[in-house]
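Handing you this structure, nothing more for now.
Note that the chains are named A, B, C and D in the order they appear, and that numbering of residues resets to 1 at the start of each chain.
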Amino acid sequence: MALPKKKVAIDAKVISQQALYDHVFKLVVEAPEVAERAEAGQFVQLRILNGSCLLRRPVGIAAADKDKGTVAFIYRVVGKGTTALSQLKAGDTINVLGPLGHGFDIKAKKPLIVGGGMGLSPVLFYAAAMEGKADVLMGGKTAGELFWQDLFTGKVQDIFCTTDDGSLGTKGFTTTLLPELLAKKDYDLVVACGPEIMMKGIAKIAKEHGVRCQVSLEKRMGCGLGACLSCSIDTTDGQRKKVCKDGPVFEAGEVFA
Amino acid sequence: MSHVLQEKDQRLHTNIAGISMNTPVLTASGTFGFGEEFADFVDLSRLGGVMVKGTTLKPRRGNDGVRITESPMGMMNCIGLENPGVDVFLKETLPRIEQYGMNTIVNISGGTVEEYGILAEMLDVPGVAAIELNVSCPNVKEGGIVFGTDPKAAAAVVREAKKHTKKPVILKLSPNVTDIVTMAKACEDAGADILSLINTLMGMEINIHTQRPTLGNITGGLSGPCIKPVAVRMVWQVAQAVNVPIIGMGGISSFEDAIEFFLAGASAVAVGTANFADPNVTMKICDGIDNYLAEHKLDSIEQLVGKVQID
Amino acid sequence: MSHVLQEKDQRLHTNIAGISMNTPVLTASGTFGFGEEFADFVDLSRLGGVMVKGTTLKPRRGNDGVRITESPMGMMNCIGLENPGVDVFLKETLPRIEQYGMNTIVNISGGTVEEYGILAEMLDVPGVAAIELNVSCPNVKEGGIVFGTDPKAAAAVVREAKKHTKKPVILKLSPNVTDIVTMAKACEDAGADILSLINTLMGMEINIHTQRPTLGNITGGLSGPCIKPVAVRMVWQVAQAVNVPIIGMGGISSFEDAIEFFLAGASAVAVGTANFADPNVTMKICDGIDNYLAEHKLDSIEQLVGKVQID
Amino acid sequence: MALPKKKVAIDAKVISQQALYDHVFKLVVEAPEVAERAEAGQFVQLRILNGSCLLRRPVGIAAADKDKGTVAFIYRVVGKGTTALSQLKAGDTINVLGPLGHGFDIKAKKPLIVGGGMGLSPVLFYAAAMEGKADVLMGGKTAGELFWQDLFTGKVQDIFCTTDDGSLGTKGFTTTLLPELLAKKDYDLVVACGPEIMMKGIAKIAKEHGVRCQVSLEKRMGCGLGACLSCSIDTTDGQRKKVCKDGPVFEAGEVFA
C-alpha cells in the first residue's frame, strides 16, 4: 500500500491559544502534514487526552499555512471536550486526525459566503483560499458576535452584516439581506455554513435566484473516516450519505428538498 | 490473500479454525468499515482479519436521529445495521477491497433463520475468509435480539449457516444474557467453528435538557473500555466451557487489554471503539503483544491463551 | 425518626411506599456502611435513607485476598457480604445509629428462602424503615445469585419476606439477566413494595504481570459511572412494566445523573461508588436536584418521575 | 450533629512538588484543617481529578505543620494515580480527605523506628512528633535509596542504616541489625513501617526481645472511612479489622501470629 496518504493522525504542538470572544477560542497547532493537505471546508478530529473524552471531537479548519506548517481552529466551548481543549497551552500536544471530508468549490468566480456562529470558521479558510474574490454575509445576535469581521477583513471584498437586534448592519437574519445581495450582484456560488435552519433558508433563496449553493453540515461523529456510519444523513434522492466522508460540504440540492 | 509474513511478526502468526492470521488482532464489525477506510493508518494485511460491517439480505437504511453518544469511558450506538445489502457487497465492495490482502470476515444479520442460510451461501465465495453471525445486535426490532438470547434459536442459526457454507462460521454472542455459558455451549454443539464475544451491552441515555432519549432509537449498544470487565469475565467463563476458539472483544484499547483477553482464554482479539480514538491502535497493539511475548520468552500467542492462573 | 424538614428541601420531600423521605437521594448498600462513617460529611437525616451493609443471619467473614480494583470509570468489588450478622446489628448497630434520625433500610441476604423470612421477621422492629432483599449479590457462591436470576425464586423470596414483616419490602434486581422486565414483574406480583435496581454487573480483571485474577474471588461486581447507561436503560424498561415505585441506582455521581434516573422512571435514587470519591456527594446531588426543579418550575420530584418523552 | 468533625474533605492548594529520588516525590499542600487534626501514622485519601482515577489514593502523612497549615506527603510513582499526582504543580488544587485511621503511640519514652521504602514516610512524621527521642533504623537496596537520612537528620537521635549491597551501613536487612540494637539499647517501643515481610520479621525479633511493636499496614482502599470493607484483614484472634479505620497502625501481636 504505497499510495500517498490522504489523511494523517499526528501529535501536533500547540503554537497558540487565544480567546476571541465569550467562550470562543482560536487554537493554532503545528501540523505540517495536515496543513499541506488541507482544503477549505475540510475538518479534523481532535483527540482530547484528559481521560474523560473517549471520542474525538470534530472541528473545521479555519486556516492552514503551508509555509509555516500550521493549522488553526476556531471553536466555541460547549461541553467537556471543548472545555478541555480550551485549557491547552502553547507547547502542549494534541493529536490531529485529518484533513477529513470534502471542501467547498474553489473554482467559483465570484462566490458569496454566508455564515453564522461557528459556521464562520471553515468559510474563513474558504475566503483565504479564494484570495479576495469572495464577499461575506455574516449574521449574529448582536454586534459583539460579529467579531468575525476583523478576521475576514483583507480576505474578502465586501463584508455584509446582519444582527437580530440591529446593533450592527441590517436588522434581521442573513436571509433578510440575502435576496437583495443575490439580486444586485453577480454571484455564481453561495457557500453557506451555520445553523441548519439558516442554511435551509439560504439554500431556498439561492435556488429561487438560480444561484448554485453549497452547505456544510454537522452530525455527531465516531470515526470521521466513513467507517462507523454514525453521521448518516438522507439525501433528497433517497440515499444515505456520510457527513464525514461525502461531506461535510454538500450541494444544497443534494440535502435540502 | 496470501502475503509475505513480516519478519517481526513471526511470533504473532496464528491459525484459528483454519484461518491463517498474521497477527491475532482483528477489527470488530461496525467499527472499521470495510477496512479500506483505515488504509492510510493501518497495514490491513497485518491484521488477523477485518470483520466488516453488518450485512443483510436487503439494503437497510439504519436508524434515524442521533446515532452515537459518549458515556463514561464508553459510547453507545444505534446505527441499526445500515448497509447496502449483500448484493452490493459481493458486486462492488468485495472486488474493491481484495487488493488489501486481508482476511475479510463478513458479519451477517438475518430476520429469520432461513435468511442466515441464504446469506451464508451467497457469501461462500473466494475472498471471504469466514462468516460471523450477528445474533446479538440490540438495535433491530425484528429478529436480531431474539436469536441472541435464546440458546435454541442461536443454535438453529448456526446450523442453518453451517449447512450453507464451507467457510468457518463464527457465532457472535450477546452479553445481555443471564447465562453466557449456556448460549456458548449451544452454539458450539450446533457446529460453530469459532465464538466471538462480546457484542454491545444495551444502554440508554436521557438528555436532561430536552428530557428525551439522546439516541434516535431510544436505547443503544454500549461499547468501549467501560465494558471490558464484563467482556473479560464472559470470555473467561466461556473459555472454560467450550473447545472452539474464541475471538475476544469489548473495550480493548491497548496491548495490555489484549493480553488480559488472551489469558482469559481468547485465541484472538478484535478491536472496536478504540479505532475511533486512534485509527492506528491495532498496529500498536500488535507491537505491544509481540514485546510482551518476547519479555515472557514465549514464541507464540497460543502459549498465552487461557493461561490465567487460578489458585 | 421524625425531624424538622429543612426549608430548602420542601420541594425534595417525597413519600415512597409509605416511607417519608426528606429527599429522594439514598445511599446504596455496601458503599455507605451504616451511615455513621459519613457523619462528618453528610447530614444523614437529609438523605432519603441509608441502605445499610448487606446483613446475614450468621456473621460472615467475606472474601479473602484483594477485594477491590479500579476499572475504566468504574470499580469491581468482591467484599463477599462481610458483616457481623443480624444479632449484632440489632443489639449494637441499630441503637447506636438511631441518633442520626435517618431512614435505615436494611439490606439482607439469605442462603435459603426461609432465611429471608427469618431475617425479615427479626428486623421488623422500630428503627428499621424498610427491608431490601439482596438477591443479586454476585459474590456469594451459595444461593445469592440464583434467586437473582430466576423470576420464580425471586418471587418466592419476596413472598416469604412479606409474610414475616409489616415493613415495606424492597427487592433489589440484578442486571446480570436476559430479561429484567420479567424479573421485575414477578417480584411486583409477589408483593414487593418497591424495586431497587441495579446491583453490580459481574466483571473480572486479570493482572497481566502476575497472570492471575486481581480479585481474591476471581470475579467481582462492577459499579460506578461505567454502568450508568445499563442502569438507566433497565430502570426505564422496568418503569414501563410495573406500578410499584423504583429506587434507581448505578453510576450516579452528579445531580444530572440523578435527573436521568427520575426521567427514566425512578421515584428515588441511591448513590453508591461515588461516595468514595466524594463523601459529600449526596448533599451536592440534593442541591442540584432542587435547583433543577426550581429552574423547570416544578414543585415536587413526582412531577419528573418517568417523564422522559418518547416520540 | 454538631459534634466536632474528626475528618474533613477539602480542596488543598499545592505549595510545592519536589523530586527526592528516582520516581519519589514530596508534595506539600495547604490544608490547615488536616494539619490541625493530624497524628503521626495517620493517612489521607487524595482525589486525583484527571478523569482516569475514580477512586482516591491513600498516602501517609509525612509531616504536618500546624502553624503554616501545611501537610506533606512522600510517595513513589507506581501507576496512573501516582503519575497524575506527580504532575501537579504549585498553585494546583487537590482534594484531601483525612486525617484517617489511627496513629502510632506517641507516649513511648524511647522508641526505635524501623522502616524501609515508602514506609519511611509516615514514620518521619512520628520522628518529628517524638521530638528527638526516637532512633531510626532504615533499610534499602543501595545507599541511594537511603536519601531518607537527610530527612530524618535533626528529628532523631541516632540513624542506623542497612543496605542489601553493603554500600551504606550494615550489609543486609533491617532485621540483620535489629537484634543487636534491641540488645544494646533500652527501647520501649518498635515502630515499623515498610514491606509486610520486613514488618513480620521485625515484629518477631521485637517479640523475642520483649519489646512492644507497632506496625503500619497497607491494603487497597475504597472509602477510607470504614464503610466499604475493602481493606479487611484478619487479626490473630480471628476477627476482621479494617486497615483504614482500625489501623493503619496495629499492635504487631494483633496482626502477625
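As a convention for this text, a contact is a pair of C-beta atoms (placed from the backbone, for glycine too) under 8 Å apart; a residue touches a chain by one contact, two chains touch by 3 or more.
Because the structure is predicted, anything quoted here is derived from the model rather than measured.
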Per the touch definition, the chains contacting both chain A and chain B are none
Where chain C and chain D overlap in contact partners, by chain label: none
Which integer distance in Å separates the CA centroid of chain A from that of chain D? 56
Taking the mean of the CA coordinates per chain, how far is chain B from chain D in Å? 48
Using Cα averages as centroids, what's the distance between chain B and chain C in whole Å? 35
Shared interface positions of chain A, touching two or more other chains: none
Which residue numbers or ranges of chain C touch two or more of the other chains? 73-74, 224-225
Under the stated contact criterion, what part of chain C meets chain B in this complex? 71-74, 76, 149, 176-179, 201-206, 208, 210-213, 218-220, 222, 224-230, 232-233, 236, 251, 256, 259-260, 263-264, 292, 307-311
Chain B contacts chain A in the complex at 30-34, 37-41, 43-44, 53, 61-62, 66-70, 73-75, 77, 79, 82, 100, 224-225, 273, 275-280
Hey, which residues of chain A end up touching chain B in the complex? 1, 3, 5-9, 47, 53-56, 95, 97, 220-232, 240, 245
